[in-house]
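Paired with chain B in one complex and with chain C in the other, chain A is shared by the two complexes that follow.
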Partner chain A sequence: MNLDYAGLFRALAPETAIVVGALAVLGVDLTLLRGRSLATRMNVAALISALSVLVAFMLNGTCPCGRCWVGASGPVFGGALMFDSLANATRGGILGLVLLTIGVSTGARINRNPAEYLSILLFATVGFLLMAAAQQLLVAFLSLELASLSLYILAGFDKTRPDSAEAGLKYFLFGGMSAAFLLFGFSLLYGLTGSIELNHVADGLRHQGISPLLIVALVMVIVAFGFKAAAAPFHLWAPDAYQGAPTPSAALIASASKLAGIVFFARLLWSGLGFSAGNVSYAFTSVGWLPIVAVLSGVSMFVGNLAALAQTNVRRLLAYSAISHAGILLLGLIAVSRNGTSPIFYYATTYGIATAGAFGVIGVLERQGGCDSISDLAGLYRRSPLLAGCLMVFILSLAGVPPLAGFFGKFYVFAATLKLAGLAGVAGWLTILAILFSAVALYYYMVVLKQALVVAPAKDATPVRVPIAAAVTLVLAAIAIVAFGIWPSVLLGAV
Partner chain B sequence: MSNSLFYFFAALTLLSAGAVVFLRNAVAAALSFFVSLCCTGVLFVMLDAYLLAFMLILVYAGAVVALFLFIIMLLDMQGGTRKPFTKASMVASAIAGALLLVGVGVFAKHSEFAATAATLPADSSFSTDLKVYGASLFTTYLLPVQVIGFLLLIAMLGVIVLSKRFDGAEDIQ
Partner chain C sequence: MNLPVQLLWLIPALPLVAAGIGALTPRGGRPIAAGAAIAALIGSFILSCLALKTALVDPAAHLTANFSWFDLGTGTFRLGWLLDPLNAFMCVMVTFVGTLIFIFSLGYMKEDANFTRFFCFLSLFAAAMLGIVVANSLLLLFVSWELVGLASYLLIGFWFHKPEAAAAAKKAFITTRIGDLGLLLGMLWLYDRTGTLLFFDNGAGCLEAGALAGLSSATLCSGLAVSTAIGLLIFCGAVGKSGQFPLHVWLPDAMEGPTPVSALIHAATMVAAGVFLVARVYPLMSADQALTNVPLHALTVVAAIGAITALMGAVIAVAQNDIKRVLAFSTVSQLGYMMLALGVGSWVAAIFHLLTHAFFKALLFLGAGSVIHAAHHEQDIRQLGGLGPKLKVTFATFAVGMLALAGFPFLFSGFWSKEAILHAAEGWEVSHLPLIAGLIAVVLTAFYMTRLVSETFFGHGRSHASEHAHESPAVMTVPLAILAACSVLIGFVGTPAWPWLQSQLTGEPVHPHGWFEGAGLMMLSILLVAFGIGAGLAIYARRTRVTASQRDPIEAKAPSLFAFLGARMKLDELYAATVGKVNSALAVVSDGLDRYVWAGIVNFLGRLGEFAGVVYREADEEGLNGGFDTGSETLREAGKVYSRSQTGDAHAYLRALAVGFVVLVLVITLGGLR
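So, the complex of A and B:
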């Protein structure tokens, strides 16, 4: 095995920057900011976190020469990590989404321990970054756990509300269970192939064909995937977690965690288990994991969109919308064999920006009087034109209205699945289902926008004061949604 | 001989694992957990994985179960007065158990364990030598060990933040 420690260090420079940032946030808060007001501590912590994310963003990337300050491309450290264009683009996207989440957290209500909150957020980021490049089952599992454990804590962070504890506990119990499934699946894969390297696993499986043991392993891995992507029927944690968790935590779970998770499983399923994928181009004729993913995709779109129609709580609505979007992401995953990973990368990134932005708007409103039900948004255009405008961009992008990025995300995914076998096969039927449900989704998104833009404000409503950092973040996110919609090649070309 | 030993200890592992779930007394449950771990250790010994068996006994049976017992006795938990199973949960678990049984049955009927086990290549880097194990932890598996270090740091941070009472928690305005 080729163990290049210097290469590993160069490749993991972004992670190092983030970890140093996380420790600096904790250290500065502990030593220099004792007895200061919470607002000061929050702002300093956010500033250091944002700086470390920016440094990590600059250090991210690969260079073929292998001598300069960024890492070499290709497998690193004996194949434990894989730095291809997908990994680099995803790591860039994750860092962007985390920066957005940090901006959101400056506007949201975090009533204690701001430094610990942001440092745990940064540790979660390290997990996401490793997930995007992991190519060895052990590193993959540990990076997933690093991210998940941080997210459980972030979800249960607000001790003043029982909802938050419920969110944290539910997320933790479901997550722990799915981690056990994933580990069981991984150990069966190791037992079948004698290796934890994804390319050796792929080699081993190519000569074996489908055995019952392999089917058990595949089902276990897919169960864990379904949980991570919040795909039905493994979605039960999502509405409670999104509703109860502090707003920035919910934004992170819905954005960066989703992007890292989908790339992680795309790599695992296609480059590791690609030979046992099966086929869904025409019908459920062959055994493999693709048919299961196809079923999950269809059920997620069905459950997510129909349940979202009945929601009155904004966060629950976003949660069910996340489930329906997970269905479309899974549909994109099916088409990776033919079209590469750029459609799902584009979709997950732009979806992450839009949904984290929407959570950001809700977070600012929550701090100033609450924003539980959709009717609390009434008259937002009067109370804060800025927030109303940003919310409009985010919601329209989630709904998939051109020329925003959400439309092109759907367009590329649908185009990719239709290229598989036209409208004839399972992939084609799912695409038609997805297009039909997009129309359904437009309704519940419009209900939100109607409250925010048309309905008059309540008599006692006051103007909303938006913290400057949060305002800048939300405006930048809205601009990004428009810009990526107009120039999708910026993201598509990165993969 | 080795086969009958395996079946004996496998059955004991399962029985004591079941006892962990079913016993009302928390101390008895923790002790059955200990028995279950020791039997698993014996199974590892029978596979010539001495190091793994040793670690299992040392870390889980030694440290983790001792901590469990300590906390149980500290909190004086004797199990609730609530009935552990309602009718609905019993029906649901019966259905789930039946489904699992059918799955295992179908799986066992079609399985080809022998074929897959025979095709496995012998892994030369695998050894029960503690020195080799330690060396591989700090060379081949350097990255996972580092990640676990941060995992533990996060767990510690999380426990402190979630359980400690902080005075003067107020809203940032």
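So, the complex of A and C:
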């Protein structure tokens, strides 16, 4: 094994920048900002974090000149990490979504330890970045755990509220269980193939038939995936976590974490376990992990969309909307064999922007009076036209209304799935199901928008003051949703 | 410094941006709108000069920059820019004259409430006109052509609160559209035949030898070459835009617009677009010249129309009493000269006359504008008089313009360009009728211009307005002086002794043919000019008019002829009685059809639909809608039932995870056993 530490350092320059940023956030807060107001500490911490993310963004990717001291392409560190175009694009997308989350956190309710909060958020980011490039089971598991452990803390960060503690605990219990499943699955794979390199695992599986042991291993991996993507029936943590966690944490769980997770598992499943994928393009499926993913996809769409209809809490509604979107993401995963990873990358990124943006709007409202029930949004167009406008863009994008990015995300995924074998098989039927459920979904999204844009404000409602950083972030996110809808090739071409 | 042809689009783009700025400027932003318009046109002028320099490096070359506009099936539709001496000279002329007229408008329109809108329209016009000039595609030219028509409509009707102005704008638009229909048909036919509308495209353009050979070799059932028919259809557009007989009727009416508009559009540039168009597609128009067995050459028609227009415009101008209408008919007549030159085969002479005419006719119109401005918007020459001593600069510059238009020998540009045309007409083998018509028009032109100057500037003021006239401000007189200087100097670039312009336009050295070749014709036309001016002076200057109501000397001699000419040969009435009547009758028939036949059918269908609607509604409310409601309700209930199962109990959740795992293993195993 050829261990090139210099190459590793070049490749991990973005991670380095973020770790340095996280330490700087902590250090500055503990030394220079002693005794300052919470708002100042929050803003300085957010500024440093945002800068480190921006630096990481610039260091990411491959410099075309080839002589620079940063950037990498191809396998790095003996193949433990893989910097292909998917990895680089995903890392860029993750950094963008983290930046959005940091902006959202400046507008949300201020917790008592802003520096700790943001530095843990940055550590989670390092986990996401590594997940996007992991090419070896052990690195994969470690990066996933780095991200997950940080997220558990972030979910339970608001210790003053029992809700938040409950969210953190449930998320942790559920995540711990699924991590156990994943590790068990990995150890079985190692046992079957004798290697933890994805390429060698793939080689080892090429000549093996489907054995009961392999089936157990596959299902265990998929269970962990189902947890990460919040796919039914492994979604049960999601509504409670989304509802109880601090808003920026929920935004991060729904956006960057999801993008990293879907790319991580796409790489794991297709390049590692691709030979045991099976087939769902036709009515008679063949054994492999694709049929399981298809089941999860269908169940997620059913559960997510139906349960969302009955919600009165905005965050729970967004949680169930996340579950239904997970169904479509899994559909996109099925179609990777036909159209590559660009449709799911586009879908996950634009979904992340829209849902993090929606959480950002809710966060600003919560800071000033709370936003539990959908009816708390009433008259938002009067109380803050800016928030109402941004919320409209995000919700319409989630609903998949053209010309916003959400529409094209759905469109590309459906087009890719239908290209597999038309309506001849399970994948095609699932696509039809997804299209039908899009109509159902429009209803519950419109319920939200109706409150925000049509219903008159309550008598004692006051105008909402939006912190400037949060306002800029939300407007930029809304512009991004429109722009990626008009020029989808910017994202599609990145992969 | 040269302007590469790829950047040629900047020349029309600058005024277009200025038009946009003008459109967005509120009424109070006068300096912004006017400043943007003038600055943009000066910028275009500088770019045009650079482009001219580029073009003159190799005058025979046609520099093009073509690009794909959109893909059509398997083919690609392309547009492009063209740079050769012909359009480079046009660009310089349009931007230079345009700039002076824009500056003049600062003073002339100072008191108008819609000042910013005026400059917006002027810039739009300039952009469209420059678009025509630089286009390398008949379609792009056509688009700009229609935009010019639109700008002209907006500017003629600028004072739309005056019913005459509104009517004149409508008339101009509709009349030129009739010609444009021909142009559109010609364009479609050309595209059908050659598959391209690019003029020059490295040998594949529609004006290049390959396409032309195909066009002139094919014949129609009437024996006409296809190129003749297409050429004549395109010529229809030129007839409309350039005010040629029989579509000239809009041009005199267009004088209802503000005077700078008359100067810019209806004298210097827009009406010249028709002449430019014919010159541009000259290879197509002349493609049939080599054929001997065809009944008609396209250029013969052009020459005939030009000769008729030249003569008719001059005759009518004699009996007009409105200072701007006299100039309008002189424009019609001069455009006729240019068409005549095109028709007899000398497009170079036509462009030479176009350029000189642009300067002195802009000068004359602006001079008329200065007179009108000074005399409190009095335009009737019978009411004016005695303005010479009061408006010294205006008078001097107007006199220069008048002498240039009359073709006063040697010193003035109009003389040289007119000589070039008459010389070309003399050499035409088909007929000498155009030459005779041109020579008669020479006399008449000198005569009516002398009449105009005498009536306006000599004698005594015959109304309150003319007695209290004041010279216009410098912002108006300085452009007049510059144009007057140009009206003299521009002629010297194309004299027979030094035909620089001709050689640059054709890209071939033209040998100066000495002073004495064609000297007979030149002497004859000098005599004719002298006779015209002398007669004018004898009749109008020797005994100037005393009162406004006094009858014109010619009117006293031949009242019915004068009245006939004064009424513009009754052509408007003729059109109203023929085309207008037919059109009205068709309108009545269409109205009847629409009202009773079609409306009846539509109403019946509507009723039918209404009945069906009632039936559907019943079915819908009872059946479908109820079913849908039930379905939606079921969905919501299902959601509620499901969310009740979300208990929040963490143990239950983890149990579900384990159960999910087992179920999935079973699913996959069962699938495998099958």
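Simple rule for what comes next: the second predicted complex is superposed on the first by the 489 of 495 C-alpha atoms of A that agree within 3 Å, B and C clash if a C-alpha of one lies under 4 Å from a C-alpha of the other, contacts with A are read in each partner's own complex, and residues count from 1 in each chain.
The rule we apply is simple: a residue touches a chain if its C-beta (ideal position, glycine included) is under 8 Å from a C-beta of that chain, and two chains touch if they have at least 3 such contacts.
Owing to the predicted nature of the structure, the values given are computational and were not obtained by experimental measurement.
When the two structures are aligned on the shared chain, A:F174 is found in touch with chain C, with no touch to chain B.
Using the contact criterion defined above for the overlaid structures, shared-chain residue A:A478 touches neither chain B nor chain C, since it reaches no partner.
In the superposition on chain A, A:V303 makes contact with chain C only, not with chain B. Contacts of A:V295 after superposition on the shared chain: chain C is touched, whereas chain B is not.
Of the two partner chains placed by superposition, chain B and chain C are both touched by A:P212. In the superposition on chain A, contact is made by A:L149 with chain B only, not with chain C.
When chain B and chain C are set side by side, the one touching more residues of chain A is B. In the superposition on chain A, the residues of chain A touched by chain B in one structure and by chain C in the other are 212, 216. Listed in rising order, the residues of chain A touching chain C in the complex are 169-170, 173-174, 177-178, 181, 210, 212, 215-216, 218-220, 222-223, 226-227, 233-234, 236-237, 239-240, 284-288, 291-292, 295, 303, 306-311, 440. Considering their complex, residues 635-636, 638-640, 642-643, 646, 648, 650, 653-654, 656-657, 659-661, 663-665, 667-669, 671-672, 674 of chain C touch chain A.
Residue ranges of chain A in contact with chain B, taken from their complex: 1, 3, 5, 8, 19, 37-39, 42, 77-78, 80-81, 109-114, 116-117, 119-120, 123, 126, 130, 138-139, 142-143, 145-146, 149-150, 152-153, 156-157, 159-160, 168, 191-192, 194, 208, 211-213, 216, 367.
The touching residues of chain B, when paired with chain A in their complex, are 107, 110-113, 115-116, 119-121, 123, 139-144, 147-148, 150-151, 153-155, 157-158, 160-162, 166, 169-173.
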